[in-house]
Structures are given as structure tokens and as C-alpha cells.
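Okay, so chain A shows up in both of these, paired with chain B first and chain C after.
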Partner chain A sequence: MGELEGKKHVQYIVSVEKKKDSFEALVIEHLRLNGAYWGLTTLDLLNEIEAVKPDEIVQWIMQCQDIGSGGFGGNVGHDPHLLYTLSAVQVLALLNRLDVLDIDKVSDYVAGLQNEDGSFSGDMWGEVDTRFSYIAICCLSLLGQLSKINVESAVNYIVSCKNLDGGFGSIPGGESHAGQIFCCVGTLAITGSLHHVDRDLLGWWLCERQCKDGGLNGRPEKLADVCYSWWVLSSLVMIDRVHWIDKEKLTRFILNCQDKENGGISDRPDNAVDVYHTYFGVAGLSLLEYPGIKPIDPAYALPVDVVNRIFFSK
Partner chain B sequence: MEKDSSFSRGSEMSLLEQFEGILEGDKLIDEIGFLGPSQFASLDQDLSGSSLDQCTPIQLADVSLETNIAELNTVQYDKNFFWNRNNKLAISTDVLSHLYIAARHAYIASAQANFDHLLEDEILKHTKALLILSCNFSSAWNDRKLVLSRKHEMALFLEELRFSSLILSGAPKVESAWSQRRWVIKIVGDFLQDSPGIIREESDLVEKIAEKSKMNYRAWGHRCWLISCMNSDQVFHELAKSKKWTELHVADNCCFHYRRELMLNLLKEYHEASTGCNFDVCLLYKEELKWTELLIGRYIGREALWIHRRFLTQCWIKHFTTNQGAAAVTESEDLISSTTQTFIAKELKFARSFLNITDGFYDALDQAQYAASYILWTLKFALSQESMHEEILSELRDLKPLLLKTCAVNSLGWETML
Partner chain C sequence: MSTSSDEDDVERIPLCSRPEWSDVQPLPQDDGPNPVVSIAYRDEFRETMDYFRAIYAADERSCRALELTTEAIGMNPGNYTVWHFRRLVLESLNANLHEERDFVDRITFQNSKNYQIWHHRRWLAEKLGTEAANRELEFTKQVFALDAKNYHTWSHRQWVLESLGGWENELEFCCELLEDDVFNNSAWNQRYFVITRSPLLGGLQAMRDSEVCYTSKIILADPHNESPWRYLRGLYKGEIQMLISDNKVPELCLKVLEINKSNLFALSLLLDLLSRGHQPSDELRAVIGALRSSQDIAGTHGLAATLCLVLETVDPMRSSYWAWRRTNLPTGVC
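So, the complex of A and B:
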């Protein structure tokens, strides 16, 4: 089975940051802020956040903010969207630089995207998805501004997306999907509304995600993918059913997805690595309490010490 | 290899001009691919590089559009990098980065200089090129929406649907392309008052894409979104129409989820309406149960089928059975629902038939596992406490060791629950 190649993963993440000119890098430049979150959180989980210079990063993040709306785009000059606004807040939290934010401006942007029925649109163009509910609530909670939205209707909307199998989809009636489930359960957890979840029913759906190879998939009939080590696992932790899966088999699966020579983690063994899966692999191992990795908060998806710093030092 | 003499290699702007020229000249492009140099070289090289000469009338409800594609319009391009024939376009991977940078630059320049909306055509042209190269570039999709909102021309809205289809043909999971469709449909639907036509076209598009892109969450999510625009007749029609496709894709959980949503939609109508469509719905559920039973027997070890059965059983127990035995009656006085007891007994018998594995093939093992989890799940979650008669409980006790033995991975969960 082998071990976690922590140092190699750190080297991989730092090297990816430098390769900006390949076509593969160009076609994801619009979500660079997400990439920053994945990369930097991984570094912090591996106790290597010192590998980067925070000032440069903070400066670049603030350049991604759209002055008019207060929201953040995925890169400088890109349109604002909730997806990147959360990543901005999370990275600033990680670097302990939330002080650079105009809290009101950012919160007003997020709160302004709530709809009549309690749902959230991703941006001014109106697309609704439970992912955006999670992003809004996580973001506002970190900024201490949940009072700016209608929490009750937000929760009611999430509940309206609950399916008969106990899972949640992207909109009411949407197919249950581990990623969407994480977002809905996370929202309910942060707002103290987990009583709406049938823990046994959902726990069953989630533990059926474990495949023969020990990895987790996101829906029935799909192959295991390392990113579900996070979406499924954190959901199980939040509803206190993590003992329903075989943790040892899952750990082995994640470790087998490493590129032990060049660093990085891929979606499944022997595939190409990327920062996204590297983050989710390490985050999953953190939830599995793998030695040498900092504990991560399953709802906020940030290291526990970062979350504590925000909530307990006020 | 022949080179076109009008354009020199390596100039980024002229590369973009060539690319946009091809897109302008061949409006019916339905497939685009990026090919490595060796693959590219093996493509059949056409000497003239001329675009097609066609006239295509498109009719939709009251609106009729005629699009004249340029006749004998010779588009110049470097055949080392572009290949365009039969409405297909190939681009060499050698020039992708250059093209992307040029397109992005042109797009940003036109967006920033768009005072008095004079550069809207430029924006549409450059975002088209950019999105073909980087289909997730959401700001580009947004600027297209801005232009389309302002111009508010039907032809442009319909063209946007076609453009989205082009993007989806190569990248079927792109979220922005799907949400662009919904944005257009919300506007165009009211305008045309031809919602049934649009629903049918969107449904067909999803099915076409789902053929190549299995269990595509966004595609099927889009199809589920359409259900809210359907009336009961359309829902019944969709169920009937999609049945054949579903039979050919029994490993695709999405198409079964789609059927579940259609059926739930009918149940909701049934509760809200008078007794009118009661037994149509009841009959539908009964037929679906029978059909699933057939498929489970035919396709051994298919998880999606057992998941579907869980749903059907759950609904059947909840809406069409009672403990006392009152049942829905058809027009011909045949009882088509039953007591909870009878139904459960039948289901247990059906599932148990798969538990004794005589051969060691994986499919048979999987079938046993799914059958076992189906029994456990149904007894735990689909039955109310009152229904748990002593007979069922004793059955469960008998089955318990076999059930736990059969399901290796998930036994931890079940042990806790039993």
C-alpha cells in the first residue's frame, strides 16, 4: 500500500502554479481562484502553507473582485460568481487575511442572490442550484453575516430538494448526487437544521457508494473517484454515520491514486493527476484521520484550526 | 504539404481571422475536434478549401427563417492548422494556445470598447471562437447573453441554441452550455408559444447526447427541468416514448431517475385532481413493476434496476396498498392493488429467488447482493411500523445471516441497523 507522499504533493502543487502557458492551463484560467483554494488548502493540511508567499496571493485575489457588485471572478477581469466568491473568502481565511475584505460589500453581493423561494442563483443570470445555497451559507457564516439572508426559506428550499431515497439533487426532483448531498447536508449543518435529514436513510445511500475497490462513487452504477472521498465522507461525518463504510479500504484506494514519482493524486489509480483530485484525496485522508495531516472541518472544508480561529477569537 | 500563400504561419491575429472566417463561411458546422499533428496530417486534404453552397429553410411555429449559406465563398486558411469539410472542422493542437490567446484578446478588446453597442457583432464573433476553444469560459457566455438581451432577435436566440448544441456535441457536460439553453428557452418559450415543440426538441437532444455520454448528470438534469413545463398528457407520452431507450441502457441510472420523476409528477397530479386519472396512474405503476421484474431477470446484477424497484415498491406501498385490504378498483371491477402483506410477501419471494448463488460469476454475486440489500432497504424504509407483522419479522430473522453474508462491503452499516 505504501504511504502518503506528502512532500511530493507539495512539490507538485507548487510546480503547477508556475505552468501557466500550456493549453491545458489556459482553458482553466477562468477558475484559477478555485485552483488557489484547492492548492493552498492542501498545502495547509500538509502543514506546508509556508511554501507560498501570502502577500502576492492576497493582492491577486483582491484584483479578482468586481468593484461594482462586490463579488469575485475566477481570475482577474472575469465576471463575478458565487463559486469564486467562496474560494476567495476561504483562501483569505486560510491566510488569516480576512481583514482586507469589505465584509459588507461581499456579504451584500452574496445575500442579494437569494430568491423568493429561498434558493440562491449563482450570479445575476439566475441559474439555481443547491451548490449555490451551500456556497452562500458557508460564505456568510465565515463572515458572520448570516443575518443578511432569510435562513428559514433557505433551509426550506434545501428540504424541497430531498428525494425519496434520502439524497439531494441540484434542484427539486434532481437526481441524488454525492456532491449535491454534501452541499445540502453542509447547509443544514451550518444552519443547525440537520433534523431534516433522515440519517439512516441517507447514511445507507452514502455507504452504498463504496465500491469493491474500496473507493467511493457519486451515484449508483458509477466508478469510484477520489473526489467522492470528500463529498461522501464529509456528509457521513456530518450525519454521524462514517462508521458505516470500510475506512481502511478507502484509505488504501486513495493512497493508490497517488503519483508517487511526480506527486499529485488522480481520480483513480494510474490516471493523470490534477490539483482538484490532490486536494480531495488529502482532505479525504484528513477525515480518515491519516497521521501527519491536519484535521479538516467537514462543513466548512477548511482546516479545523482555521475555522476555530474565525469563530472563537471574536 | 501545400501552404496557402495569402497567410503566413505564426501570426496570431491572422490565425484567428482564418478560424473565424471558417466559422462564418460554414454555418452548419456540427462537429469540431482538436487533433495532434500526426492525426491531422492523415486527414483527407481538400485542395480548394471552399465552403458549402446551401440554402436551408428552418421553420418553427409561426416564424419561418431562411438562411442562405454563402455560395462558392472561398475561405482562405492554412491547411496545416485547419481542416473543414462536410460541416466538420478540425484544428491542429499545434495552434490551440495561440488561437486561444488571440481570441481572448480580441474578445476582451471588443467588450471593453463596446460603447454605444457598436461592437456587438464583434463580441459574438470572438466569443464564438473563444468558447469553441474553452467552452467553460463563463464570462464569454455572459457577454453573449448581454448582446442577445439587447438585440432581442429571434434568429439570434435560435442560433444560440444551435451554437450550444455544437459545443455540447464535443463537450456534453459543460454546465454553461446547458444553462445557456435554459436562459434562451425561458425567453423564447413565451414568445413562440410553442412550448411542446421546444420540449420535444430538448428532450430529443438530451437523448442524443446521452447515447454518447453515459449518465451525464447535467444532460438528464436538463431533461428533468423540462418536466415542470409539461402537462399530464405530455408526461404520459414521455414515459411511453423513453421506455425503449431505457431498455437499451439498463446500466444508466439517470434514465431511470428521469422515469421516476415523470411518475412522481403524475402521482402529484393524482392527489390534486379528482378520481379521473387514478387508475391510469395505478396501472402505470403496476406495469412499471412488472417491466422492472422482467429486466431484473434478464440483466443480471444491474444496480440501476434494483434502485428503480426500491422506488416503485416504496410508492406502491405508500399510495396503492393498505393494511386492511381496501383497494383501487378498475373500470372492469378488477382489483389492481392489494394489501401491504400480500405485496411484501410477493416481493420477498421475488428477491429471495436470487439469493442462492449456484455459480460464482460476478454478475450472479452482484445480483444476490442487490437482492439482499433490496430486501433490507424495503423492510427498513418502505414499511411503516404497523405493517411489520410477525410473519415479516420472522422472515427477516431467518434471512439475516444469509443477507449479511451476501453483502460484503456494506455489512457494517446493515449490522448496525438490524
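So, the complex of A and C:
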């Protein structure tokens, strides 16, 4: 089996090559906070978080906060949104700098986005999706502020998105999709509500995502993609069914998606790499207990030692 | 007011050279001294975003601001702040939302997996009200012609049906999509959505028999298709007794095994039926007996356990799952 080119991936993340026509350059500006989360979590998983200077990052993150609402935008000067607020909290957690936050202000922003039916909107414009339920609950839990929302109605909304195959969609009736399943199972895990999941039924749906090439897809009859190594795998770990997939074949698939020359991981073998897939590939390998990678928490999507520091150090 | 962005046809004039922008001082992005993720920008993109930041900071809600967001969106439709600001400008200008919808139609085709665009569509449709229903349903059909599994498009279509109506032809639409591609899991999901939620059809109970008939035909035509098997189970949701005593289901499985004796879905469904207390027919016993011989399975095992052993061989990727099933068979199962 091929090996993980850890050092190459670190180099890739620390300095993405300056290419004028790069696709990544065009799209990433407004979601740089997400990019920071993907990049820095990967560095930490590879035991190389020292490669970056925390003070500058913290300073930049705080500039992304919208003073009025308390939420964070994807970059300086961008409107606040739940997506970037979670990334901000996660990166600050990684760097052990949650102390810079006005916890009440951030939590109030997140809690204020809960709707009457228990769902969450992404921002003031009202888009609803179970992704936002997960984001809100993960964020508030890391800040110790779950009491600010109606947890019961949040859980009920998730349950209303459960489908006949045991999976979950983005809205009630929405097709089961591995990404949405991660969000819903993660929400239920964090709120202590996993009894709502039919573990055997969902576990079977999830392990059926494994394709002949060993990779995982996100829905029936779709292609395997490295990012599902996270969405599917973390869900399986949370419901204690990860032994149902062929771990060796999946490991081989992820390793085959590496660019061994320049570092980085792509969605499938021989495609262009990006920071997003690099993170999900390494995170997936962490769940598969690949040597040399720190263990990652499947619900909080942060290294286990970071999560322990937050919950057990007081 | 122009809302088109024909960059490919006409050479772009830099904003700094356009007289109508001469009063604006563009605001550059501050990347910080050591960017976490180093980025390179195409020059035009950088300039457009610098001007956008100036207009955004000044909260200028003018026609030229609207055009600028058009240009910015054309270059990077993922920038959600540009979309937010565009909505504010549209509201302040009391803009023509039908023209806006035309613009969004064009952008959507080029970027059909973009969350911001679909959300903007929904915002527009909410403002336009129920008159927008048919147009939205038609539009999603056009997107499906290019990508029939687009998750965003399906979410949007479901929202339109529930909020604005238009259920009349939905089941027929599912039939058409399944004729195009019977493996389309999204279309199967939508079919379930329609039969359970349409106010015009009477619900799952009323539709069960005809749907079992429809699904069985499809399964027999191609038994390797994962989706109709799951759909079939879904038709008996909450009715386990009905599922295990309806002979149609095991008979279907046996017919499939005649065509393809190691069909994973047929074997797995038979296993589930037996696990829930289904009383096997002589024919079923015989088929499992034959499988036991052909797979050289030694020792005495019940029917369900035998199926587990067969499945371990025909679906080796998930052998741990089938082994687990075997050790977790309820007591008293055949």
C-alpha cells in the first residue's frame, strides 16, 4: 500500500502556489475562514500546527467578526454567517485562544438564528438546512452555551428529516445524503439524542456507500469522492458501526488521491488537489487510525486533544 | 438597467478607466502579513472586488451598484456578501424582479451547484408568490435535463411544491425521469415525497398496491438497481406485519434469484423478512437449500443464517456486516 506523504501535504497547505488563473484563488476569498479551518486542522492532525503563527491568525479572525451581530464573515468585510462563525470558533479552539471571544455575543448570534420549528437559518436571509442545525449546535456546545437554544425542538426538527432508509436530508423529505447525515447524526450525538437513529438501518445504508474502488460515495449510484471518507466514516463511528466497511480498501483509495509530488489530496485519483479534500482525506485517515495522525473527534471535527481540553480541563 | 454580463463577447474595460466610476476610491483587500492560505488573483477580479468593497462600505444602493454586483457575480458567484448586497440594492431600487429572475436563470445554468444562487431564487420566488410556482417547476426541469441528481435543484423543487403548490403532474414527472434513468435515486426519493405528501393522491395507504406493482416491474427489469429495492421497503413503512405476510414480496425476490442467483438485494430482503418472522414457503426453503449446496456451506444452519453466509461470499466488501447479522439473528427465526 502507498504511504501518506505527510510532509508534502504540510508544505502544500502552508504555501498554496501563487497562480493567477487558479480556480481556488477565485472562489476562496469569501470563505477563507473555512479554508483556515481545513488547513489548520490538517496541520494539527499531522502534528505540524507549529508551522503557523497563532497571533496573526487570531488577529485576522477577530477582524472577520461583525461588531453589530457578533457573527463572523468568511473574511474581513464580509457579512456574518453561521458557516464562518463555526470555523472561527473551531480555529480559536485549535489554537487554544477561545479566551479572545466575547462568548455571550457570539452565542447570542447563533442562538438568534433558531426558528420556531427548531431548525436554524444560516444567516438573516433565512436559508434553512440541517447543515445549519449541526453548525449551531456544534458551535454552542464548544462554547458551553447550548442552554441558549431550544434543544428539544432542534432535535425534533432533525428527526423530521429522517427518511425511510434511516438516513437524513437537508429538509424534511429531502433525499438522504452522506453530508446531511453527518450533520444530523452529529447534532444528535452532541445533544445526547442518538437513540433517534436506527443504527443498524443507517449503518447498512452508510456501508453500502463503499464502491468497488474502495472509496465512498454520498448517495446511491454516485461516484466515490474523498470527502465522503469523512461524512460517511464519522457518521459510522458515531453510531458505532465503522467495522462494517472495508477499512483497508478505503485507506488505499484515499492514499491514491494524493499528489505525491506537490502534496495535497484530490476528490478522486489523478484530479487536481485542494485544501478541502486534503483536510477530509487526512481526517478520514485519522478515523481509520492511520499511524502518525492524531485522533479526530467525529462529532466536533477537531482533534480529540483539543476537544478534551475544552470539556475536561476545567 | 442592464443585467447581462457579456464578458466573452466584449473586451472588458477596467473600472479605473470608466468615467462613471471616476469618483470612487477602490478599497483593496487586506490579506495580512502572512496569509494562512496564500491566494493569487486575476487582475480583473481583484479590481472588480476592490470597487465592490468601496460601494459596499459606502452602502451605495444605486443602478451602477447593481451592475457592479452583476459583474462580481459573473466572476465569482460563490461570494455570498455580493449576493446579500445585491438583494439590498434590488429592494432599495424596487427593481423589476422578473428581469432579475431572467438574470438568475442564466447564472444558474452555469453554476448549478451554488448554494447562494438557489437561495436567491427562493427569495425571489417568495416575493413573486404563487404565480412563480409553474415557472420554478419548469425551470428545475430544465436543470434536471443537464443533471438529474442535482441536490440543490431537488431541494428547491420540494420547497416550491410545499410552499407554492403545483402537485398535479409531479408523479408523472417522476415517471418520466425514471424512464430516462431508472437508477436516479433522487427521482425515487421524489416519488416517495409525492405519494406521501401530495394533497391530491390520498397518501401511502391508498397508493401502496399500485406502487408495489410499479416497483416490482422495475426490479425485475434490472435487479441490480439499489433504489427501487429501498423504495419497496419504504412502501411498507410502519407496517412490518403486512410486509412479512404479503406473499408478493418473497415471490418477487425468488423471481429475481431465478434470473440472478446471487442478487445481493433479493437475498438481503429475504434475510430481513425471515428475521422479522416471515414463514418461508417450500419454494423459498428449496432455493436456500440450493444456495447452500452451490456455495459449499457446511454444517447445519437455519435459513436466515444460511443467507448470511451466502451474503458474506457474494458481498465480501461488507462481510463484517453480514457476519454481524448472523450473530444477531433473533431467536426462533427459521
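Note that the second predicted complex is superposed on the first by the 305 of 314 C-alpha atoms of A that agree within 3 Å, B and C clash if a C-alpha of one lies under 4 Å from a C-alpha of the other, contacts with A are read in each partner's own complex, and residues count from 1 in each chain.
Convention: a contact is a pair of C-beta atoms (placed from the backbone, for glycine too) under 8 Å apart; a residue touches a chain by one contact, two chains touch by 3 or more.
What you are looking at is a predicted structure, and each value in this text was computed from that prediction instead of being measured.
K.L.:
Putting chain B and chain C onto chain A via the overlay, clash or fit?
P.N.:
clash
K.L.:
Looking at the overlay, what does A:Ile57 touch: chain B (first), chain C (second), both, or neither?
P.N.:
A:Ile57: touches chain C, not chain B.
K.L.:
Have a look and say if chain B or chain C is in touch with more residues of chain A.
P.N.:
After superposition, C is the partner touching more of chain A.
K.L.:
Mind working out whether A:Gly39 is in touch with chain B, chain C, both or neither, as first, second, both or neither?
P.N.:
After superposition on chain A, A:Gly39 lies in contact with chain C alone.
K.L.:
A:Gly173 in the overlay: touching chain B, chain C, both, or neither? Say first, second, both or neither.
P.N.:
So A:Gly173 meets both chain B and chain C here.
K.L.:
Is A:Asp246 in contact with chain B, with chain C, with both, or with neither (first, second, both, neither)?
P.N.:
Touch partners of A:Asp246: chain B and chain C.
K.L.:
If you stack the two complexes on chain A, which partner ends up touching A:Val76: first (chain B), second (chain C), both, or neither?
P.N.:
Touch status of A:Val76: second partner only.
K.L.:
Between 6-14, 42-50 or 60-68, which chain B stretch has C-alpha clashes with chain C?
P.N.:
Stretch clashing with the third chain: 6-14.
K.L.:
Per the definitions at the top, what is the overlap between the chain A residues touching chain B and those touching chain C?
P.N.:
Residues 21-22, 26-28, 30-31, 73-74, 77-79, 81, 125-127, 164-165, 169-171, 173-175, 177, 203-204, 207-208, 210, 212, 219-222, 243-246, 249 of chain A touch both chain B and chain C.
K.L.:
Looking at the complex, which residues from chain B come into contact with chain A?
P.N.:
So the residues of chain B in touch with chain A come to 93, 96-97, 100-101, 108, 133-134, 136-139, 142, 145, 179, 182-183, 215, 217, 220-221, 224-225, 227, 251-254, 257, 261, 264, 302-304, 307, 310-311, 314-315, 373, 377, 380-381, 409-410, 412-413, 416-417.
K.L.:
Taking the complex as given, what residues does chain A use to touch chain C?
P.N.:
13, 15-22, 24-32, 35-36, 39-40, 52-53, 56-57, 59-60, 63, 73-79, 81, 125-127, 129, 163-165, 169-171, 173-177, 203-204, 207-208, 210, 212, 219-222, 243-246, 249, 275
K.L.:
Which of the residues in chain C end up touching chain A in this complex?
P.N.:
Those residues of chain C that touch chain A are 29-30, 32-34, 36-43, 45, 49, 53, 56-57, 75-76, 78-81, 84, 87, 115, 119, 122-123, 149, 151, 154-155, 158-159, 162, 183-186, 189-190, 192-193, 196-197, 226-227, 230, 233-234, 237, 317-318, 320-321, 324.
K.L.:
Going by the contact rule set out above, which residues of chain A touch chain B in the complex?
P.N.:
Going through chain A, the ones touching chain B are 21-23, 26-28, 30-31, 73-74, 77-79, 81, 123, 125-127, 164-166, 169-171, 173-175, 177, 200-201, 203-204, 207-208, 210-212, 219-222, 241, 243-246, 249.
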